[in-house]
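Shared between the two complexes below is subunit A, which pairs with subunit B and subunit C, respectively.
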Partner chain A sequence: MVKEIERAGIPVVHICTVVPISQTVGANRIVPAVAIPHPLGEPSQPAQKEKEIRRKLIDKALEALATEISEQTVFE
Partner chain B sequence: MRLEIGKIPIHDVQFDSTSRIEGNILYLNQEELKAHLMVDENIKSITVEIARPGDSTRIIPVKDVIEPRVKVSGRGELFPGTLSKVETVGEGRTNVLKGTAVVTTGKIVGFQEGIIDMSGPGAEYTPFSKLVNVVVVCEPIEGIDQYTHERTLRIAGLKAAAYLGNLAKDIVAEEVETYETYSVKEGIEKFPNLPRVAYVLMLQTQGLLHDTYVYGVDMKQSLTTIIYPTELMDGAIVSGNCVSACDKNTTYHHLNNPVVEDLFKKHGKELNFVGVVITNENVYLEDKERSSDWAAKLVDFLAVDGVIISQEGFGNPDTDLIMNCKKIEAKGIKTVIITDEYAGRDGASQSLADADASADAVVTAGNANMVIELPPMEKVIGHKEVADVIAGGFSGSLKADGSITAELQVIVGATNELGYNKLSAR
Partner chain C sequence: MSKIRVVHYINQFFGQIGGEEKADHKPEAREGLVGPGMAFQASFKDKAEIVGTVICGDSYFNENIEAATEELLKMIEEFKPDLFIAGPAFNAGRYGMACGSIAASVKEKLGIPVLTGMYKENPGADSFKSKVYIVSTRDSAAGMRDAIKLMAPLALKLALGEPIGTADEEGYIPTGIRVNLFEEKRGSERAVEMLLKKLKGEEYTTEFPMPDFDRVEPSPAVKDITKAKIALVTSGGIVPKGNPDRIESSSASKYAKYDIEGVEDLTAEEYETAHGGYDPVYANQDADRVLPVDVLREYEKEGKIGKLHRYFYTTTGNGTSVANSKKFAISIAKDLVADGVDAVILTST
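This part shows the complex of A and B:
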């Protein structure tokens, strides 16, 4: 999906837990996520903290989307 | 560490008033077995059925398959830390009831349990159709959570297998096979010119009912570690998995790991089988990095020339597999990986979710997406309606006549990544 949307000319950020798979399939902008069963959440944390984690990930993804890149880039 | 396996062939299982083994027949007092299992307050009911090779019988949904065994001599008991006290096993003698197994079924725990057909085309795909199976249908009490349900079934299966195994405690087996692993120093002195080979056994530990227990430890909470291969034969590793049936390692698989068997066959002749490294398949990327770092570090520490790596499950564990392969190869150690494929129904898609150029020696156990047709059976043990919801099945899988159209994924052990199956590809 990442590749097809980019093929249509729209940049994509892939928020993904297993970064190596994202790299193998060819995503260009990658933001590492939390864990496979809960990529944007952290059930071990209280709800407020979890919201902060989610917010930070989304902010980072939006930042990545607006960043010029020349090769596959992981936004740690 | 040295273990003798005494093989007691079982040709049939029959219900009787006294549980015993006589003339290769296992006689079973089912009321006694039921009473033995019913002590668990989470169990509402138990029924016991016998499913024989060639029967028009389907078992669905299968939770686990366990081979009955008993310790005759040496430390510890079967399934240490899970069923019996924690004590190191893997030495002395263990009697095994060959040709029979306990199969657990009942109300579905997760959505990833499978099917064993005792005859017809489905039977060809599972090794368990060749055994006389003592099927324990275990129904839980109402309102039980999934984790308690899983543990209840897991323990019931192990208990039933230990109950049957105990019947063979005093039998002197005619066929005895000996397995011995030497210490690092002894091994080098004994076989100075043989290549040193280790086995990296990856265990399914994704959580959410995808778990494996080692001496009672939930393996997702452990670092990668070392185990003697004979410890596996005494039940040190137990399946707590409700993961796709085709490529999960049941407890039976752990007891009869064919990679271990084959390495022992060549041990001292073509190679020196130095031991087993067990590692996990966790859902956090840093766990994957850490565990594969440790797998590479431990095999390097063992000074091996080659490693066989087997995977359990598919999807994100493909990354654990590739990390293990890549990091071990980077130490200058040769690897062969064993996996299976999810290459789409036509087999044309990418087989693994991850790949690397260093994974240049791969054994496949088949394509789990292949669609198969299973004809109706005269008897269904368990709950046939789950055919529509188990992994590999889909809405409409189960037809009105009782036949099933589903992906090969639904068959227990069909694409087992230890190679305990018949499928492969060139």
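This part shows the complex of A and C:
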């Protein structure tokens, strides 16, 4: 899905936990997530802290979208 | 001759420990065979014996690849195996990645022959086919018998150091390794025969298939993210409560588009996940953990992004074929372009 949207000329950032899968499939901008059942959450943390984790991931994703790249890049 | 000592790797499901709720199960070793090991053992007869089975949860492995590999290698080594078999994993993505990854590590670190099996679209197949032999299986466990019929004899051949035939003959996914051999007819004759068949519109088999590098060039970066219209797309199956469009929990045949105008936060009362391939508890409690509408709304208000697109697009990525995913995304992309979306955040579970 990442590839077909990107092929249409829209930059895509893929937020996912299993980075090797994303790389194999061919996503160009990749942000590693927290865990498979909750990529953008951390249920063990209090709500405020959890939201902070989510903000950080989104910040990273926005940074990825604003960065020119020439090859697959993982934004850690 | 003494029996070949085999160690078998399976996940929490085939280990009969549990389903998704046990996907974080840590590596565990058991003496003898478990689950599908029984069918392998029956096929090996007295030539080989499964001396031990190692089991690991699919999520645990994929979230802790290095630590899990290290723990598993230790357990596997203690059984002093001559041969290592992983899976088969069919079309289970995380299981396939685990089987390929652990098989490749065992081959490299313990220096013994290894074999795994999975469906050709499993992401583990593309990732590991050049490193280990992967028998091509059907996409679900209904293909277990067929898989074992191919895997067991190939495993024995590998263990005995017998010559391995071509991918077609043995049933494995082509590894990309070429072997020199003598053909009865010389190259020019074969080429002319192929050409004649092609001209007649008949079937022919090329001797040099072109590799399929389906890569997409990265799109240019967003110039000013504070003015950009950003859309959310997910393969994590987030849907309005009750799953009104009945997106399948696995092998999805469709995607859906939902209006989030005025939605500030995805609450447990109004949203849930339809995805059947991961433990749904956390996403059902708070779907923002998969589809971060809450934070993007916040950023929209603060001016950190231009606008959160009015619709989000969703499907379940669980066992969904590449052909379907491609079809969904082509149609989604058309919509997004027409709506003037500047960038996409796509989340996967």
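Note that in this section the second predicted complex is superposed on the first by the 76 of 76 C-alpha atoms of A that agree within 3 Å, B and C clash if a C-alpha of one lies under 4 Å from a C-alpha of the other, contacts with A are read in each partner's own complex, and residues count from 1 in each chain.
Going forward, a residue touches a chain if its C-beta (ideal position, glycine included) is under 8 Å from a C-beta of that chain, and two chains touch if they have at least 3 such contacts.
Just so it is clear, the structure is predicted and the values come from calculations on it, not from any experiment.
By the document's definition of touching, of the two partners only subunit C reaches A:E71; subunit B does not. When the two complexes are overlaid on their common chain A, residue A:E4 makes contact with subunit C while staying clear of subunit B. Of the two partner chains placed by the overlay, only subunit B lies in contact with A:P32; subunit C stays clear of it. Contacts of A:G41 after superposition: subunit C is touched, whereas subunit B is not reached. Applying the stated contact rule after C-alpha superposition, one finds that A:T17 touches each of subunit B and subunit C. Contact with subunit C, but none with subunit B, is seen for A:A61 once the two complexes are overlaid on the shared chain. The partner that reaches more residues of subunit A, of the two candidates subunit B and subunit C, is C. With both structures placed on the common chain, the touch criterion links A:K51 to subunit C but leaves subunit B unconnected. Note: residues 17-18, 20-21, 24, 35-37 of subunit A belong to the subunit B contact set and to the subunit C contact set alike, using the contact criterion stated above. Of all residues in subunit B, those touching subunit A in their complex are 206-208, 283-285, 288, 316, 318-319, 322-323, 353-355.
Listing the residues of subunit C that touch subunit A in their complex gives 20, 23, 59, 62-63, 65, 93-94, 97, 101, 123, 126-127, 214-223, 225, 228, 230, 233, 235-236, 278-283, 285-286, 288-290, 292, 294-296, 298-299, 304-305, 315, 317, 325-326, 328-330, 332-334, 336-337, 341-349. Listed in rising order, the residues of subunit A touching subunit C in the complex are 1-18, 20-22, 24-26, 28-29, 33, 35-41, 43, 51, 54-55, 57-58, 61-62, 65-73. Taken in their complex, subunit A has these residues touching subunit B: 17-21, 24, 32, 34-37.
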